[in-house]
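Right after this note come the structures.
In the two complexes below, chain A is the common chain; its partner is chain B in one and chain C in the other.
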Partner chain A sequence: MFSIDLLSNALVAGLLLGGFYAAVALGLSIVFGQLDIVNIAHPAFVILGSYVVYMTNTALGWDPVLAGVLFTPLFFALGVAVYRIYYAGFERTGRESLAGLAFFFGIMFILEVVIILIYGVDYRLVEAAYIGQTLRIGIIDLPYRMLVPFITAMAMTGGIAFYLSRTFTGRAILAVSQDRLALELMGANPIRIKSLAFGIGLATAAVAGALLIIIGPVEPSFGRLYIGRVFAIVILGGMGSIKGTLLAALLIGVSESFVQTFVGPSWADAVAFSVLLLTLVVRPQGLYGRL
Partner chain B sequence: MLRINITCLRAWVLAGVLAVSLAAVAAFPSTARAAEPIKIGFSMTLTGGLAANGKAALVAMEIWREDINKKGGLLGRQVEFVYYDDSTNPANVPGIYTKLLNIDKVDLVVSSYGTNLIAPAMPIIMKKKLVFMTLFGLAVNDRFKYDRFFQIMPSGPEPKTDWSRGFFQLAMSQSDTPKTIALLATDSEFSKNAVAGARTNAKKAGLEIVYDKTFKPGTADFSPIVRAIKATNPDLVYVGCYPPGAAGIVRAANELGLEPKMFGGSMVGLQYAALLTKLGPQLNGMVNYDFWAPEPTLDFPGIEAFLEEYQAKAREAGTDALGHYLPPYAYAYLEILGQAVNAVGSLDQGKIADYIHKTTFDTVVGPVSFAKNGEWAKTRVLMVQFQNLEANNVDQFHKPGKRVVLYPAEVKSGDFIYPYNRAR
Partner chain C sequence: MRIAPFWPLAAATFVIGVAATFYFNEYYFVAGYLVLQGLIMATAWNILGGFTGYVNFGSAGFFAMGAYTSVVLYTAINPPLFVVIPAAAVVCGLLGLGAGYLTLRLRGVYFAIATLAMAIVLETLMVNWEYVGGAIGAFIITEDVPFFASYNAYLFVLMLALAIGSVALARYLNFSRIGRGLAAIRDDEVAAECAGVPTLRLKLISTTVMGAMMGVAGALYPYFVTFVEPVSAFSLIVAVNAIAMPMIGGTSTWVGPVIGALLLGSVQEWTKVNISSELNLLIVGVLLVGFVALAPQGIVGLAQKFAAWTREQREKRRGDDSATA
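Up next is the complex of A and B:
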């Protein structure tokens, strides 16, 4: 069954899939990797993104990606609000480790119930002219359903990486998890910086949700299936490194694709997590993490 | 003096009336009990992965409850539901049924939706020797062999193999007989059972199995899997999966040009308005299982009225807009239980089970009778072919000619277009 055709297509499909994984994991990389907040509800926010995109796609005919981008300010504001509650309730009193985790579990369930109450439990899909079309370059097939999410994810990841590395606020976000006191001495308010970072993390969920619903149908509890995978990508990438998150997502995507093609689809998760374990044995700090 | 006597007389009369009333209540407790409702208890998948079907089932069940109560209820008593959300988590099911039976003291029980949610309730139900009407479990009783188990999905007496029998009969009756098959299933009880039956049928038919794999729920992209299947060049592709998988596989197959002679099988989701509407023409030519379609051969008494009522309620509940797949059967499994209770005239579980075993019931899904193992006496798993579907048009699915019934012969409604690419 081995052929150049299969091999090259498996590689390309893996990269496209990895790009999508990067979009889903990006927000968590900031929130969990840089702020050390175990936002287990991040995939649920991604699903919320899928549903608001579905709503505008169905009612107004908006393109899913455009809708996802337009909803980022709203998700940013939601993120700031969620962080403020989290800070006041848990972080300020030093109870963030276990009580904070329970808080995000609670948010996850609340989001699911809210989505069920508003949209019901039926599967939802979106329409776009490119869904179902394929770009063929030689022996390589590039379904637009995967290509559009890949390009969007790359643009979003590049934008976030640029913002974090080239702006004062971006650098402050990177600094806040390393040395809060030093940041205060530089004249920045750590709580404000963390609020901004959490907002940015959640803003990416709006776009990731759009990409998810382009790829396939969603239902309110669908996010649970992504919890393990996105945390694995963030840890593999090296807690908080945007470059590392992207590389880890691509690595997981490609390994899944190769296993699905040449071994058997049911082994895909096991191999992806084996990649995580093996990498952590060699590099405990992850691909781009610092010890 | 006279005044005192009248007062005394009134007191004696009042006391007498009270005494007679109390004696009557004590002597005829069943008269007072007659006013108590009959409680039917169940767990249901109202949240979690199977919530779409669980909620739709509940809408249908509530329609039945309203209908039966309008007709005077069961045994002259109104019917009440006591139910809990199992969150599509099998681990929650035993606790729910224990509570229903020991705390809520329900009179009758029926099952949640789906194989994985029915099986965990079985040991408790069997211990209490209760009649168990179940909703869409595949081959659950193969292991338990419980004589008071009944299952409303029309799988047939040999559920695993009956399930895909039609697919293989259609394939092997073509002049250009297929020789190879690819099998693909979600890593879940239902899909694996469906594909296990297909594997047996494929071997019986002398087909060479060139691909036989499972995939995990949550698989995001099916392109690598579809490419691997395409590389084996199978004549038939039989897939067992849930809605996210169905959408992903159909889309990937269209995007990558997978065109075997016959494609479909046991894909849950290709019966729902959401997927049917959005996938539209990408489904043309596929042959998939189904349980009802608006074809003239399936126009059973009461089905149109039921669907009209369901569809009106579905808009509010946010469940499947068509309701062709599960809701009529969720209504029918209570219809059967209700008919049996009224016919027996009591809640005696043994008598109800005996009655269900020996009776053919008239329901909104047509006449239903059960085999010894509690499955339908004869399979009626439809094999339908999607024909002439247009893009983004939900109204087309209310009309005949779009999901043409090919199997079984007694309800066949149109001709099979073979091979697959001729119907594209």
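Up next is the complex of A and C:
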């Protein structure tokens, strides 16, 4: 029962899962980690991404990954709009702690209910040629429904990391969280930079949603399971460090995969919370902490 | 000594509530029970959220743990309700204390995230726990009670008493020394700490009271629906209502959640019957976002603003009159 076969497959499955988690947490890592905006509706936007991809896949036969990428401009615009409302209503007046949280909680709830009203509570899935196929290397199974999300997630994470560290606006996003006044003195408008960053954060949700529905069927309340997970990843990763986020995502993916294989599938959801609680108690600044 | 009008009003409400059970039909107690359940949850949420400024997203977790305490006790020894209710209060109070102790020393947002995730983990635990029915759920068989017209009428009266008790406790906390300490934490925690307010102890008191009160609200739920399973016990709508009701009513005083709960609760019961239950959820969400964004002080705040405005108008008119005379 405790064979090398099982162990190595659990490890690989965990890494693939973790890579996908990085894609889900990436947007939150920017929004919560860099901008300090507690967007608890992020997983709900990921589910929205899954449903728009589902819609184009069933109606027009688009490839899910392609659809996810094509929807990023729309999600970017949505993100800019949400941030503008948040800024005008909460950030400017200094009410972000209580009212801002309630605002995102309300948005999460509205998104879920609207999806239920349109599509009902049934599970939905997408079709593509590679879903259901498996690549076998030696004793290791690599199902394409996990491999494709993993590769896409890595590409997106790499792209975002590159953008943040090498371009002017990317660095401005990192700067806005560190010293707002200094950024203003450099001639950048912090509100514009923050809108841009929030937009990018939500744009990643469109792709993450596509990956989510490739991995398995999705139903409207699915996002709730991801709240603990993504916040655990972002906090463990050290609030906004892309490298940290990736590492934390892989760590949680592997732990979940082991728990799933050796303890039982229904316990896997509790892993992220335990990690979250442990992080908060033992090392609140995360792996790559800046506090 | 002058008695605050609160007490005669509370007593009158209770007497009218008991009397009403003999005149109205069953539907009103079912609806009334749900409104009161929301009222207790909202009042409890507001002790931490409104008075102290810390957001609890896991209200459904506390509520469901209250319900599951009942299920465990029922399966084990089936004790009378006056044992079940305090037991649920103790279990959920300790849960609140634990969650608070682990996360309240950090920034408030961590507490909010931790409570949200905690509700999900507790749900996982209950799904995996065969003794309380697991994912399938557990049945509760209720027995007839003397004096009351029906079991639901009996539960309604119990809930009414618990709701009045909760509001009285919140009102006491609001005006007491503790309440002033909590308000100081809400307005500026660092300043409060410097001024000698024992912030951590007060925060822990307020999370414990909140947890216990939510547990009490959940304790009767298994007897009310007679069948408990994790998905409905941990339903997100419980958590949303617990936040929306105080936000709509106004969070700064004990009155806000009461007004919000009575109003939003009644609207929900009405739309559920007359329109649809999905749309009912949408209405709650939209009202929550709308009030938070446009009327941050809730209905209480709007009323205060309106009162100030009319007073100003009256004074202006008096000023005009004296000028013309």
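Worth a mention:
The working rule: the second predicted complex is superposed on the first by the 268 of 291 C-alpha atoms of A that agree within 3 Å, B and C clash if a C-alpha of one lies under 4 Å from a C-alpha of the other, contacts with A are read in each partner's own complex, and residues count from 1 in each chain.
Everything that follows uses one rule, which is that a contact is a pair of C-beta atoms (placed from the backbone, for glycine too) under 8 Å apart; a residue touches a chain by one contact, two chains touch by 3 or more.
What you see is a predicted model, and the numbers here were worked out from it, not measured in a lab.
Using the contact criterion defined above for the overlaid structures, shared-chain residue A:Ile85 touches chain C, although it does not reach chain B.
Of the two partner chains, chain B is the only one touched by A:Pro143; chain C is not. When the two structures are aligned on the shared chain, A:Glu112 is found in touch with chain B and with chain C.
Contacts of A:Leu225 after superposition: both chain B and chain C are touched. In the superposition on chain A, A:Pro190 makes contact with neither chain B nor chain C. In the superposed model, A:Thr134 makes contact with chain B only, not with chain C.
In the superposition on chain A, A:Ile40 makes contact with chain C only, not with chain B.
When the two complexes are superposed on chain A, the residues of chain A that touch both chain B and chain C are 112-113, 116, 221, 225, 264, 266, 269. Residues of chain B touching chain A in their complex: 46-49, 51-52, 54-55, 88, 184, 187, 213-221, 223-225, 227-228, 231-232, 243-244, 247-248, 251-252, 254-256, 269, 272-275, 278, 282, 317-321, 392. Residues of chain C touching chain A in their complex: 49, 53, 55, 57, 102-103, 106, 108-110, 112-114, 116-118, 120-121, 124-125, 127-128, 236, 240, 243-244, 247, 251, 278-279, 281-282, 284-286, 288-289, 292-294, 296.
If you check the complex, the residues on chain A that touch chain C are 38, 40, 85, 89-90, 95, 97-99, 101-103, 105-107, 109-110, 112-114, 116-117, 221, 224-225, 227-228, 231-232, 235, 264, 266-267, 269-270, 272-274, 276-277, 280-281, 284.
Within the complex, the chain A residues that touch chain B are 1, 3, 5-6, 9-10, 13-14, 16-17, 20-21, 112-113, 116, 119-127, 131-134, 141, 143, 145-146, 215-217, 219-222, 225-226, 229, 256-258, 260-262, 264-266, 268-269.
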